[in-house]
């Protein structure tokens, strides 16, 4: 079994303008294929953070109320990720054999309207032989036909809009991939995490997971990062479930720095991608 | 403690045109406030139904594969529902005190785009005193401003569209109520069930639940049925989670009959509602 | 010069429920390439129809107020259509050379959101050599990738929605063709008319016109009818400009019959198209 | 007859990155109620501008091709605007009496989906007595319920979206006003022009015109400017018809300055409006 060690860090600074409730999802998840060797979370004094873990997803959340003024959140961790070999011959699971716990990932969600894109998915990918190859074809289509363009989408952009506009950031790429999969009756979900990008700036990354061969397999339609080294933060039906921050109040972000240091030899450089800027990669949800 | 006894029955008939996987959600839920005295589920011979219960929601699902030909599904139950007294002075819970398990009902979902309707909700209901009275104001606004009109919406219609079109059926009314609540930071979710309508035809009904005073309270923006007598089938983030049937295949529904018999004296007749037709009340999800 | 003679007829019957203003657009247009040999318009007695012709488009409208009760509108005409030979080498016109009067057909309209589909059009057709061949490629793409399916769209369905859903009727096919053209800077517009279908029922038909080689050329993405024999009723930016009827009041249509009789030998049968039903071909606009 | 004299000026600078076709609509319109005393248009040398006037609207367009490099467009004019007294008792025109030439302003357009907002308009304004007072009620509703917020909308934002989001800039305010009017069978259209704002920065302004009392009357839902002094540039069905610039090519705007100098005494200061920024007031259409 091959493993891969990364040191990850997030620094977030905010100027809080009104009493605000925060919910952060930035810690490495408790997940079978990754081992947190050490971690440290620091939050400005004066707040009483409360942690909870979603039993279904393993996502870890930190919630607290904060008064107006500056806020600093800093998370560091050293995480060992097990690199999983992917069999290129994995098959699709007939819907009737999709496990009960996985069944819900067949349904449409806020940003993945698979209920209106069934015909398109059938027309585009319905003739391909079922299996992981078909998901690879979806991944590739998204990579080739959608332009990576920071600022082209917002936190409410949906897969349907990305399909029409042909532009988005990593979460949009993942949402569209998920939507095609679900529309073809392949369970799929969103995964966010830390991963080393070949070109700065570093940021949270969003990819997707599809259920093939009786297991979840990661796909990165942006092609920007080696998914087998991704330090998983969160797993959800779509972006609303795994926002790195959800804020209820009036807040201005003043700093956001994500860094990933790899201890092992650098992975081979992914194919160059023009004008990549990850800053919008994983928008926060903010409710005034 | 007051209870209320209902006998409910569903008869569904289909003409299956291609091998199809079915997932039904028509059984009375296992739920603290209701007791299933007896129940009977009959499905045409030749299929091997598999039941599972979602641990989080108590929703009960029946899944099976079926070959082309006719299909009959018949469910009957006698259910005792505990009638809960609602304190009219229930307060809203500050977001910081919303329990971790309830927090997710603050987020937008496929048919409830609370992320784009925050300003509208604030403009419309933001000045009202927080508490159950505000949710009643939302319930009433939906009842008065949305026209109940079968055929005006489809299985993919969202709250945003209902808000613009001003027409829909019960699930649309519930979705819009949920959306306003979430946009005001009040957790809310969809509930479907059996309930006696004053006027035929009987059908599944959709209402919503909001988190006030530290508990879930039912609201029926259609005003068509006494919610305190609702036999709960399913609880979910929105309609996709509690469709009475989700089908993967080519199928034609040939019969749908829902009946509710009340053992106790008839509740007082709700105010008349012109041109009510519940037939579209709870659309099925069908994927070819 | 080859011409083609058709006898066309429309019978429309309505039950008027409240005082209503009608605007019909069912008469053969005054148009350079067609000659109206004879025509007859009959409307139930009791109304005072007023005719006007839009100077820009040549479209002819009949407007009148009508009281509650039955209404009959009957139009018959014998029209000689000049069959225009289309040079397969027609070139696109650089935007700078598009005539001032044609320039407006480059802009987005209600049902043709070319402003949001620029990238998609470029990705899909941008690499093809400019010219009529590129418009033919668009026509063919729409024919192959969109399913003709009555009931799949409404009078408010837009090209963007058709592109996502992959289903529609003739006006939707035409709208999508127009949208791709405009997004590629090729002026395009909607044309409705009478044309003989190989299979019943007859109905109004909607096709589109693109500006290539310094002239307007007709395209029928449905492939259902020989466009060179189309008796033109109306030309507009999209369907709202050429609805066969626009009604302000409460009205129920009780009969709609369109018939086209061709005097010349039947054109060769177009390729078969499964499950064709033209009844929704050209929805009316109705405002209560 | 009272008149009002303004000196207006526009300075636009671009960095052209690829051969581009431009169409500008920045000159004062030829219009019955305004007299252009003097005007001057200057465009960087090297281009061959061509002017045309739309016979229907009186809008004046300047078109030309330009090669990569810098471009300067400068327009100055001294315009005398006739201040029209508005009778507060103007009545609505029954649809049957709307003139043929005005009839088209009843129909939905790209950014004004009156075809889907009929019920909302009826619910909200249907009970008010018909007449100019009803349009004033619409104007006021938009002013009170929509937040003026630069950056909240884009060049493709529609009235429906503004209605849901409750935020926009002047063109969005005007689009929503137009949409409500049309949905109530009151003809309405967009007007853009130069008008003196009490607070900088100056910019093009968008307002709307409704047909009441047998004439067009101007309304400014933003309340930001005295519409009776507006120097009219363009009149159209919605923003796409009167964009100040429509560009086909790759272009970067580097400067945009609009100034309005009033010769007559300053009109009374309109009520203060927080955080007004007109920079997004009238987005250009750009097609790469």
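All chains are identified by letter, namely A, B, C and D, in their written order; residue positions are counted from 1 within each chain.
Methods note: a contact is a pair of C-beta atoms (placed from the backbone, for glycine too) under 8 Å apart; a residue touches a chain by one contact, two chains touch by 3 or more.
Since we're looking at a predicted model, the values are computed, not measured.
Placing every chain at the mean of its C-alpha atoms, the farthest one from chain D is found to be B.
Chain A and chain C have Cα centroids separated by 46 Å. Computed centre separation for the pair chain C/chain D is 31 angstrom, with centres defined by C-alpha atoms. Taken residue by residue, chain B touches two or more other chains at 116, whereas all remaining positions touch fewer.
Chain pairs that touch one another, listed by label: A-B, A-C, B-D, C-D.
Across the complex, chain C is touched by residues 21, 23, 52, 56, 61, 63-65, 94-96, 100, 103-104, 107-110, 113, 115-116, 118, 122, 155-156, 183, 185, 240-241, 246, 248, 285, 287-288 of chain D. Chain C makes touch with chain A in their complex at residues 116-117, 119-120, 123, 145, 147, 160, 163-167.
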